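These are the structures in question, set out in turn.
Look at the two complexes coming up: chain A is in both, with chain B in one and chain C in the other.
Then we have the complex of A and B:
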């Protein structure tokens, strides 16, 4: 076993970084498989602004139940050359009133950070994001105000979400309309 | 001088899965960093019975600073003796 470790180590260097036009990189090969195997519910959709670039794309989630029903939320995915050893960078481009998404679009989802493992796929992340809209989690908030309202007054939280999706102020923050 | 023979052999890794969960390439192929399958790009097993291309799992374990879980089951990765 020890011998195995030293095998072929030298080959690993020079093989990172984007090599467009040449042999597809490990990240490109892997993302291609992920995309081919996507199996998403009708509430989720993937868009490629540049069809030749599989490493940068958008995921649109339009929940059909619970608090965020009727909304339409766009996430940008940036898949680095370290994929699948590093998770993609995911940001929410739609401003949303949500305990686990801050107003800059940072998303708090365990599998995008500490619980990422390379056997997870784009499909797993999309399901994770969809789950955030069905079960917002006030325990680990990025938007503390929203989390507090969810914890103390579910009814008010529901009203705030509806108001934010119609376009309006929650406190002194303005949310753009994001209803379908 | 009589008949001549051309030898042909096939080989296969015996694994309980077809693809490496990390790179998703076939076990009978090689990891994306290699060109030829076989002894140069071997498979390795953990005590949890999960199997990966050696290069894929080593890269993952090296990227983990503290504990190194199996990417499949999150148990601590322990090499299964050959």
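Then we have the complex of A and C:
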């Protein structure tokens, strides 16, 4: 047992060493591990605008098959001090015609919200995002119109995706060109 | 003001000035213990809310007279039912200031020093001065932060912990009729980070449910909070939601109501809206009283050494009758916070970062593959080198050619190294010989 009373008689005399500055937080140490061990497929790229800031970065996904082949989609990641108890905040910065991503860039991916677990990593999220482009899921729509088209007319959906990526209108929404 | 009167400390003297069947076997009764408690022992209370008010009252009456309290919040009218150091006239004022003023006026001889601030506003030199830290917080992030701070204050001599650098942390938490109290001896018993899994995950609804298939009034409120607010920015661009601003809540309430009507959902009220937006947990005054009393007792036990401390985690639940259970939370062998004892690493100022990298890869006990190295300068992260991420590698490659001195690294500086060969980021402490010593 620690006998604080006897020990603390000795304290209080400023003999304490120099300030080393606060140590890196557990969240910071954990994200460093996540980042150092990113193991991404060649279709995904991660970019750090400021290499000293490992908590804010971009992930670029450029699918090489299926509907979104040839497109280039940028996601912003914001990791908070609550990590990994809380998931990072992820937004899609590229306007995309996709059943699970709305026009404001909100992404409906289960592990970003209700199914997040601290054992998951940044790598798992990037794989999750990549999967959304390979298998858009019309059952859980965020962009309802796109989801309905995918469900009723796959051919039209494919055309709409291609058109949006070249830059053009789908209905009355204009999509910027996002081809590589 | 009269601060001493006959019999004032009778009850405490009975405990600290004589032994007894329940006293700790090594306990050494003496009158000095009481004077230590009254004159020397410096306590930090974090949070002046539901638990904080109880803690301050308990500790002050127990004889502790050098108490500091930190709270970043102001008093809301809804606090008054249980945060009994505050009155209606105090609404809008800083909790820390009002709580301190109340105790100082009410308990003769007690000096409570308030800090209307965030815990992150203070550094090591502030925290190092306390004997014991006791927390009544409602945030996991704040708990992790103070836990990390107390661990970073630990000092080692020849690999042995210098026990005078250890500051025990007593932590209480409540939610409705449930609560817990625990004692953390940093690096000796389980810390906040070791038991992070104890905290329940925040309840988040699937985004697609919120967007298209709401079934609950909460779904409608979350729709407005997450999707509608950023789109409409009703109070100007970039203005985020202030859960204490009635105009904000009113707007969210009205929009949620519209949405609820659309989907035939009922039950949207102002109270529910604010509850969802601010993620308000129900608070029960009696639970706070019980948990704070348990925490204050632990502070007393640690300060006087009269009894063994709680070992080390107590759960309390009075939903049906009263249930309590105490168990020993175990340390996590690879805890990122408390098992990450810095390992020494010797270099000279003239050595290059490349030499550190080579050392990490070639040292026989480390044998790392692709170590990523960072450090912390003035509390901010600095990435020294990371080869696994192309964009970082390109921007940090030049560092390899720089000497440790040129990189601004100092003797005693901590380096954080992540590598596939270890489950966690490791901490190294740089021992730097000056070039002169070396020649």
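We adopt the following convention: the second predicted complex is superposed on the first by the 159 of 180 C-alpha atoms of A that agree within 3 Å, B and C clash if a C-alpha of one lies under 4 Å from a C-alpha of the other, contacts with A are read in each partner's own complex, and residues count from 1 in each chain.
We take it that a residue touches a chain if its C-beta (ideal position, glycine included) is under 8 Å from a C-beta of that chain, and two chains touch if they have at least 3 such contacts.
Every value quoted in this text rests on a predicted model; they were computed, and no experiment measured them.
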In the superposition, chain B vs chain C on chain A residues touched: C
Which superposed partner A:108 touches (first chain B, second chain C, both, neither): second
Partner chain in contact with A:35 - chain B first, chain C second, else both or neither: second
Which of chain B and chain C A:85 touches, first, second, both or neither: both
Partner chain in contact with A:52 - chain B first, chain C second, else both or neither: second
Those residues of chain A which chain B touches in one complex and chain C touches in the other: 1, 4-5, 7-8, 11-12, 25-26, 29-30, 33, 85-86, 117-118
Chain A partner contacts - residues on chain B that touch it in the complex: 21-25, 31-34, 40-42, 44, 54-56, 58-60, 63, 69, 71-72, 74, 79, 81-82
Of chain A, residues touching chain C in the complex: 1-12, 16-30, 32-33, 35-38, 45-48, 51-54, 80-82, 85-86, 100, 102, 104, 106-108, 110, 112-114, 116-118, 140-142, 144
Chain A partner contacts - residues on chain C that touch it in the complex: 24, 26, 33, 36, 40-41, 123-125, 128-129, 131-132, 140-141, 144-145, 148-149, 151-152, 155, 163-166, 168, 185, 188, 193, 196-197, 199, 201-202, 204-208, 211-212, 226-227, 230-231, 302-305, 308-309, 336-337, 340, 370-372, 374, 376-383, 386, 388-392, 395-396, 412-414, 416, 418-420, 424-425, 427
Interfacial residue positions of chain A with respect to chain B in the complex: 1, 4-5, 7-8, 11-12, 15, 25-26, 29-30, 33-34, 84-86, 117-119
